[in-house]
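Got a structure for you, written out below as structure tokens; questions coming shortly.
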Amino acid sequence: MIQDFLFQAFAASAILGAVIMVTRRNPVSAVIFLVGVFFATSGMFLMLDAHYIAAINVILYGGAIMVLFLFVLMLLNLGHADWRDLRGPVGGLVGGSISIAFLGVLTRLFVGGADARPVVEIAGGALREAAAEQGVVGVVARPLFQEYVIVLEVTGVLLLVAIVGTILLARGERT
Amino acid sequence: MSLGAVTGSGSLVATALGGQEGAGAGFQPVLPWLILALPLLGAAVNGAGAFLWRDDKRIPTIVGPAALLGSFAVVLLNFIAMSGAEPHGAAVVGLWNWIVSGDLRIGVDLQFDPLSMLMCMIVTGVGSLIHVYSVGYMRDDPGYSRYFSYLNLFVFFMLVLVLGASFPLMFVGWEGVGLCSYLLIGFWYENREYANAGKKAFIMNRIGDAGFLVAMFLIFTAFGTLDFIPVFEAAEGTLAYGGALVTGITLLLFLGCTGKSAQIPLHTWLPDAMAGPTPVSALIHAATMVTAGVYLIARTSVLFALSPVSQGVVAAVGAGTALFAASIAIRQYDIKKVLAYSTISQLGYMFLAVGVGAFTAGVFHLMTHAFFKALLFLGAGAVIHAVHHAWAHGEDGHGDARHGDPNDMRNHGGLRKYMPRTFVFMWVATLAIAGVPPLAGFFSKDEIIWYSGVYGTPILWGVALATAVLTAVYMARLMVMTFHGRNRTFGHGGVAEAGRRLHEVPAVMWAPLALLAVLSVVGGWANIPEALPLLPTVEWLHHWLEPVFAPAIAVKEAHGFAPEYRAPAGGGEALWAGVSAAIAIAAVVGTVRALSPKPVPTEAESEAPTGFARVLHDKWYVDELYDRAIVRPSLALWRACWRIVDAGLIDGAVNGAGRAARLLGWAGGQLQTGRVTTYLVAFMLGALLVLGVLS
Amino acid sequence: MSEAGLAGALGVNGLIALFVSAILFSIGVIGVLLRRNAIIVFMCVELMLNAANLSLVAFSRMHGIEGQIFVFFVMAVAAAEAAVGLAIIIAIFRHYEVVDLDRFRLLKW
Amino acid sequence: MALYDGHWILTALVVLPLVGGAACLLVPEARAKTVALATTLVLFALSLPLFWTFDTAESGFQNLVSIPWIEAWGISYAVGVDGISILMILLTTFTMPLAVAGSFSHIRRRERAFYAMLLFLTTGMIGVFVALDLFLFYVFWEIMLIPMYFLIGVWGGERRIYSAVKFFLYTAAGSLLMLVAIVTLAWIFQDGSGAWSFAYDDLASLELGRRAQLWLFGGFALAFAIKVPLFPFHTWLPDAHVEAPTAGSVILAGVLLKMGVYGFLRFGLPLFPAAATDPAVVNAMLVLGLIGILYAAWVAAVQPDAKKLIAYTSVAHLGFVVLGVFGLTTQGIEGGILQMVNHGISTGTLFLLIGMLYERRHSRRIADFGGIAKVMPVFAFALVVVALSSVGLPGTNGFVGEFLILVGTFRTHPWIAAIATTGVIFAACYMLPMVQRVVFNRLDREENRTLTDVNRRERLILAPLLALILLIGVWPGPFLNRTRASVEALIEHVETRTASAPPVEAASVEPSSVEPVLIEAPSVEAASVEAAPIAAGSGATPAHISKSAVEAGEGE
């Protein structure tokens, strides 16, 4: 019961945080609220028995990536509010309608899609049992290093390429 | 030249013709190919000479006339051989297959029959004389070699025209002579007028040639062959008498004739053709090429005999042209123009003759006309030559512009004193053409007048008679203006200077004149009418040509042709011969009497004629009419085709399509703003679409 | 029936998670389209990624652990993307001295 | 002659220019022209025996070679020669050395690429004439387009880009439809027999319904009509000709324009006999040809640019050829083929001559000349002879072709032929004034006084052309001989197939009671179903080809 309440609280704060983040003129406060959203979703991950994902969501997203954003904001000295940042009514109308359309389509997709598929036997409980058996990390690590090992390695290469690319791009024209 | 092929191909034709060929069995042509080869060789040698030894005049001087004389000698041999063989039918000599395609076979076959031999005699005989004359006339021309090359080539094509045993081969000669005519009219191509005249001649001839071509197609479709002998033999069986097909064929052929022989409505090129050197006018535009139309009708006499309508048209056009051209000739000042219209008029006579069915008379007049008209032209050439030299060898060397046109008779006058020989020869020719007995023209023209009345209608007869009067008048006027009275070459007061400068032409020029003068006298004796049996050669030409024209006469007789031999106004041939001779003499004498006392103004002094005389002087404004009604509208239409249809409509559509594509591309390009947001919107709409379709 | 079936498979929380995911994603969309600042647009993209992750995790309760594995990879790629993206923004800023998306039209040659 | 049994020769003719072209790209700039000339001369020498050893009695294909290429789709490298293509091949190999030699002093930049393009173009042209597989044919057809595009676009005159693009788009637009038609044809064949094939004999053995024939014929016809070019698809030609370098114009006139009519003869008539003899189609083609003859002559007569004038005369001449082909008589088609050769020679020479003038004077405007005969007598002589050939004066090649065409067409369509005959008048109306204004009249321009007559190289180029003009004019036998058997077989094929086609459709209907229009196949689908049964019967044909190919292999 308390868990359900917590979950719904996380959900509500995630939505709230997202709304605030989108509407902030000051980029730094947008970053702060985004970090809040990430924390809220991490909480939801936890409640959904994805403990490992919850952890790295906090560390990776909430920590590393958002800090990176902050660094860039500071580096470029963009940390102040800008009136021109928000679009006018036309942009709002276009963005709003597309957004609402997305909401509708996604909702229909989730509901209808779930309806179309046969309900699989693995319920929330099964995942929890596996976690109890293999550990919170193990339940993710086993398939990762067994079935998906090649994908994992490729991801590693991708990160390497990203590192090189980032350095090259960020280094600029200096010779 | 493979003789095996010659006889082989020839016999092929002979067997195809069956028994008819038996008539020609007695006559085998001697060296037939040499007749053609010599002028062609001459043309080639002289043509090469025009490039290689342009300044050396010895080679063309020898080769040019020699090629013709050689050819004439061979023709003469054959002529004698043919007259020795009785009956003298047709012999066909095949040289090689020209066009063979499906059931169409056109051989390079030569047909030797009385008609073609007679024509060959005229072409090579008169041609030889004119070649010799040209040696003198063209002596100082820088294009001497080229001239002889063209002239030889012309004779070659003329012989092909005459000897060709099929319509297409005749057409080769037909267009070939047109080409040479074009080249020779525009011989002095630096003068734009002259070059234009050549072009005009070619194009007007082409109009007729198109008719000739379509006629050939009709013949081939009807007969399955284009060889003369099979066509003529099958004609009566294949074509209905007076039917549309034969009328169409013959009228189209006649269209070809009007082009080549300068009959109404395609006559306007011939006067302009006088731009060429005068011997050319004599050979091509008087004696030979322009008579090809008459020859064609004579050759296809069977077909024409089958179509009374066409015959009527031919006769009417011939008579009309004769009168029309004669009326113009009366008011011309250019000596060559007078002769040109005279030629058109005389050709009209010939068409009148073949039109009413007097084929022999037409060919007879063709022959005598070749003699006296060539003589007239060469004489005129001598006059022009003399006047030109008198002017050109003046103090400043080139006085043409100062003095005027050497062709203009107003610049002549009194030449009798300076050019006595030419004067005599010219009078012989004049009397011949006027129809004064016993000269050539009397017999031939009288025959035409007689038959136009007997075979034709009273109107044709009247026109023929009227034209005879006009002929005598304009010729006498020409003689008076040129040779009589006082000399005006150096103005009215320049008689003394004229005496120093004007001379008789050299022997190489007057000798051919003399020979032609003899022929102009005796030429008519070849066909003495039965009514006037003065010589043993009564109806000789008639008999000679009988094998050629007998089928046509037979056709006509089979369809109710039975003329009564008396003139429309009554009386027999002898009577009317006497009458027409009297008319001619009276007209000549009258004109000389009337004109001689009158002083003639020089070219510079004379005023433009007025009234009806002006209409005649300006040739009834036919050229202007054609220019306004045909040439200019055509050019306007053609320009419109180019500017409006081609560049406007079609290219407009094409370029419009291109522009439309570019516009579409530009419109599409406008979607590419280059801003991320635009693409994001598009991307999201796309994602929505995909998701929407999926769900 | 579908509501009950889905709720039965995912639990009520799972269902809520899916709706939250949809809402977060839509908010991300509106942010991307509404903001001119490249960095904030970028952040909204991260928000959308996170929303997607949320639905993956929710469905992993129904279909098994692969959902979480996928999330792992998404995060790895997102990290790389964030790094490269920010580097690009820096490079652009260096050149134009501005991060307003409407000020440059680099996608058109 | 054992070595020369002909089977390798066609392939050699296709490949050699490719090799030569590559060699041109590799050798130093100054050597390129020599390599190109040598290649084309060898090519001509190689093709001559093809002419001598041609069996005039054989109506089918000779020197057949067929090697599978893309077997899954039934595509093979099949080449052969018959009476329709032999003269075209010879014309190509004859024209090429002259075109190359004619460019020696004209092309001064990027010589290597220029001569390589010429040689690549040769491959395409010969390939089109020898290909007996429709796919192969299409490949060569398109190969041809590219070098020509560059020849015009790179070495052309001022508006070269516009002209090159126009040329390319026009041609490509047509040929794409043809590709659709080819693939459809192969698909219909596959539908009936179960196997794909693009082989000519296979596809020619299909018996299609009338409606299907009309559609497919339309696809081919548009491509060919543009290439011919028939009015109103002709406007690319004047532009392309005017802007192209001399060699380009010579090849364009000499060979490329023949592709259209060749296509009609090789594919249009035999593959779709019912469509090609459909009165509406025939009349449309004849009328378009007729319009081409008259209209192009008129437009030519008022052109101020000599090259453009000659370009329009090409339209007129090709109009005659189309007339002959669709007159569907032996004389008409033979005349048409011969006239293509004639046009190639005469018009090619005219372009060479104008090119020579342009090199000296850098102008093509007729008004800029006059009296040239005085300073360039040999040139004037050549121009007059060629002009006369172009107007079809008897004794030159032009007459033989025109006469046969007209006499042939007259038998089936007298009125059209009769009107077309007036074309000979208009021919004189455009050609003679041009000749007069260029070589005759007074030499009144100072710049023209210093013009030099044609040099020895140019004389060597002109001599064989002039000789051929006269030779074909007086003795066309050897040329007509070689076309006869094939042309007669073609007409027979078309006639028998046309005669046999209606009963197939009319079988179910009372022949007398129903209008022919009503018994047409209702749709393309229905037509293709009709096509199905016969395709099985044609199984013998590929065997025939492969058999002769095997024999070919053994022969060597």
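Note that the chains are named A, B, C and D in the order they appear, and that numbering of residues resets to 1 at the start of each chain.
Note that a residue touches a chain if its C-beta (ideal position, glycine included) is under 8 Å from a C-beta of that chain, and two chains touch if they have at least 3 such contacts.
Computed from a predicted model, the values in this text were never measured in an experiment.
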- [ ] Report the chain closest to the protein's overall CA mean, measuring from each chain's own CA mean.
- [x] D
- [ ] Just grab the chain with the largest centre-to-centre distance to chain C, centres being mean Cα coordinates.
- [x] B
- [ ] Mind checking the centre-to-centre distance between chain A and chain C? Centres are C-alpha means, answer in whole Å.
- [x] 6
Task: chain A-chain D separation of Cα centroids, rounded to whole Å - done: 69
Task: Separation of chain B from chain C, taking each centre as the mean of its C-alpha atoms, in whole Å - done: 98
Open item on the list: On a C-alpha centroid basis, what's the spacing between chain A and chain B, in Å?
Closed with: 104
Task: Residue numbers of chain B (touch at least two other chains) - done: 681, 684
Open item on the list: I need the residues of chain A touching at least two other chains; which ones are they?
Closed with: 94, 98, 102, 106, 112
Open item on the list: Using the touch definition from the top, which residues of chain D touch two or more other chains?
Closed with: none
TODO: Go ahead and list every pair of chains that touch.
DONE: A-B, A-C, B-C, B-D
Open item on the list: Applying the document's contact rule, which stretches of chain C touch chain B when the two form their complex?
Closed with: 29, 32-33, 41, 101-102, 104-108
Task: chain B residues touching chain A - in the complex, by the definition given at the top - done: 681, 684-685, 688, 691-692, 694-695
Task: Residue ranges of chain B in contact with chain D within the complex - done: 50-51, 96-104, 108, 168, 171-172, 174-176, 179, 182, 186, 189-192, 195-196, 198-199, 202-203, 206-207, 209-210, 213-214, 216-218, 220-221, 634-635, 637-639, 641-642, 645-646, 650-651, 654, 658
Task: Partner chain A, residues of chain C touching it in the complex - done: 1-3, 5-6, 8-14, 16-37, 39-40, 42-44, 46-47, 50, 53-55, 57-58, 60-66, 68-69, 71-73, 75-84, 86-91, 93-94, 99-100
- [ ] Mind listing the chain A positions that touch chain C in their complex?
- [x] 4, 7-8, 11, 14-15, 18-19, 21-22, 27, 30-31, 34, 37-38, 41, 44-45, 47-50, 52-53, 56-57, 60-61, 64-65, 68-69, 72-73, 75-76, 78, 82, 84-87, 91-92, 94-96, 98-100, 102-103, 106-107, 110-112, 114-115, 119-120, 122-124, 127, 130, 139-140, 143-144, 148, 151, 155, 158-159, 161-163, 165-167, 169-170, 172
